[in-house]
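Each of the two complexes below includes subunit A, the first together with subunit B, the second together with subunit C.
On to the complex of A and B.
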């Protein structure tokens, strides 16, 4: 699965969706009505990613998210429980997080698979796993894979509250690619991952880097660094942990790194792990 | 024909009951259980029908929703795992594929309402995360495999089935637990009312007098494994997903994308259209769904449209759970010798002139196409072989 384009969009929560609509106008002339913050974040990231390209009409869209469409869910609950009224129809429709990949598909005219996927703490990795399955042995030849999450309106986060939309455009063909998703592997626990790392060098020393997800404690990062002998690519410190921080880190590596390879290790609260291997050409 | 993954174990909870034999008996005898729920939360005096699960306190939908939510989920999963007779090591390696429209909204909205009682302006709720429910299942049953949650509206658990079977067929995982789950939520009930989609005088998909959908609660769980090539059981042979970009709430009436997803599914399974024994239609009972699905089926099958049926008048539209719930109900009926009927259908829509199966029809084996469509233009079709 070869990476042909990347985009990163990270922002503090905006006061009103029209701020995002103005940003989106920089990437597409398509007018969007009845869309909310979550959908606009998805659209900005996806359109920025494929700017100047025309994806195939059979391309697929995989949107990964930890929490989905929080803003309109709160709006509908407010309409129901405080205003004691029926919800606004499009507020209700937009509580379903797959409206976001729908608008991405509609606006880019990409009519292949269209999914909204989550995996607690590992959503982006789960989306990559499913997309890889669709590429090989599946029938998909082009796809947009994104990670989108919004900060719930009014929430008081303990860390700098940012929200974002991070996308990669992948194709089966290598020609013109900037990188590659070489492997995505799940492990039931730390020991299984350590055994996999010990089998052979995952990446050549000197040309590879190691990154760890936000849920990996510092002492464990040090241990993985010792086991792999790789230099650390630390992206979590940029904004602190946020829901799409893994995709932020991956897209940052792809956008800013010189040719190199990345082993990304992440875990969820139950101690299950995913290892991701990327090459930046 | 490609044989991807066979159903090794299964369990269901729906308005017809929890015991699979009783559920099948209810389908054969066409005895649905439909409650009427008030719209009082929105200040309206009308009631609307709903297919509910059995509750200890049927008068209250709000009593300890989190307890009820996880009781139903864990009980259904436990029964499916027991039905599959898995060893402890097999259980540990299971991958979980979870599909739902509402995810934990039934719990979330109750917490919102409770908070509102204490403050005039509740702080915005912080979601517990779409992936939480699958993780709760993993924690409860000691499962250490990967967990994937699908939120594609009414196709959610159909997509969970599609990917679980594909992963098994590709040799990426040995077995999978696939769950479809949706309980009553005010958000969904009042949301569908706001869209004016709820039927007020009976559930009649494909009938010219149709008046909309009736929602239902459902939880279904199946354990999938690589096909053993035996001569019994139900096997997922393939499937497909694609988007109809016509509109976020409705599919294009001419049924082009619907037809294409059915063709893609048949091609993935290595099955010719002429080999399809019968179709389980999605059949929400909305006029648009009937037209676009009917047109799509005719595009694929022409004059040789196989018998088709709709299960929703028996158990309600279980939205994101319908992928797994309807798979279980449909295959269980076939394995007991009949194709379940489309309850409520009497008069064909002149624009379609399609008549679904209206009485239990003797049928126990064959190749079946199962359709699922949802908001966000999502289209999924699965191909299932039932060997009796």
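On to the complex of A and C.
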């Protein structure tokens, strides 16, 4: 699965979706109505990613998210249970889980698979895993894979200070690619991942880097660094942990790193691990 | 005073429609007598917009109960204003 384009969009929570709408106008002339913050974040990231390119009509969209449309879900629940009124129809429609990737696909005129994926702390990894499954033997030849999350409404520190939208445009063909998703592996626990790491050098020393997700404690990071012998690519410190921070880190590596390879290790609250191997050409 | 004679109320209703329906428009762009819904209407609103407005308008203490009433009330800004304030 070869990476042909990357985008990163990270912002402190905006006061009104209008702000995001203005930003989106910089990437597409398509007018959007009835969209909320979550959908606008998805649209900005996806359009930014494919700027200057035309995805083929059968391209797929995989949108990964930890929490989905939190803002409108909160609004609808508030209208139903606190105000004891009918929910506003636009808000209600936008709480449907697949609304955001629908808008992405409609605005890019792509008709392939269209999925929202959430995976308990490993959502972006699960999206990559699923896309690889669809690519390897399957019919998908081109896809946009994104990670989008908004800051929970009314949240205060220590909750995330930023929200974002991070996308990669992947194709089956290598020609013109800037990188590659070489491997996505799931492990039931730390020992299984450690055994995999011990089998053989995963990445060459010198050109390989190690990154760890926000859920990996510092002492464990040090242990993985010792086991793999790789230099640390630390991205979590940039903004602190937030829901799409893994996708932020991966896209940052792809956008800013000189040619190199990345082993990304992450875990969820149940102690399951996923390792990603990416190459930046 | 009938709602259709109250410019301040009509401006408020236009702003309510713009906000509720997420429109890129200004209150001055909306004609008091022009149709709001359907082909050739000034704003191109549809049935989902109508639902959205019918909920938003409850802040005026009124309820639009069925689609026939909705069509009649929302024919234009003037009819909408007269519905909010009949006399």
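Convention: the second predicted complex is superposed on the first by the 278 of 281 C-alpha atoms of A that agree within 3 Å, B and C clash if a C-alpha of one lies under 4 Å from a C-alpha of the other, contacts with A are read in each partner's own complex, and residues count from 1 in each chain.
Simple rule for what comes next: contacts are C-beta pairs under 8 Å (C-beta built on N, C-alpha and C of every residue); 3 or more make two chains touch, one makes a residue touch a chain.
These numbers come from a predicted model, not from an experiment.
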Most subunit A residues touched (candidates subunit B, subunit C): B
First, second, both or neither for A:85, with subunit B first and subunit C second: both
Which superposed partner A:257 touches (first subunit B, second subunit C, both, neither): neither
First, second, both or neither for A:153, with subunit B first and subunit C second: first
First (subunit B), second (subunit C), both or neither touched by A:56: neither
First, second, both or neither for A:93, with subunit B first and subunit C second: both
Subunit B versus subunit C as contact partner of A:31, first or second or both or neither: second
First (subunit B), second (subunit C), both or neither touched by A:112: first
Intersection of the subunit A residues that touch subunit B with those that touch subunit C: 85-89, 93
Touch list for subunit A against partner subunit C, complex: 31, 33-35, 85-90, 93
Subunit A contact footprint on subunit C (complex, rising order): 20-24, 48, 51-52, 55-56, 58
Contact footprint of subunit B on subunit A as seen in their complex: 61, 65-68, 70, 73-74, 76-77, 80-82, 84-89, 92-93, 95-99, 101-103, 105-106, 109, 111-123, 126, 129-130, 133-134, 137-139, 152-156, 186, 188-189, 268-270, 272, 274
Residues on subunit B engaged by subunit A in the complex (per definition of touch): 41-44, 92-93, 101, 103, 105, 108-109, 112-113, 116, 121, 123-127, 129-132, 134-135, 138-139, 144-153, 159, 163, 166-167, 170, 172, 186-187, 190-191, 193-195, 241-245, 248-249, 257, 264, 268, 374-378
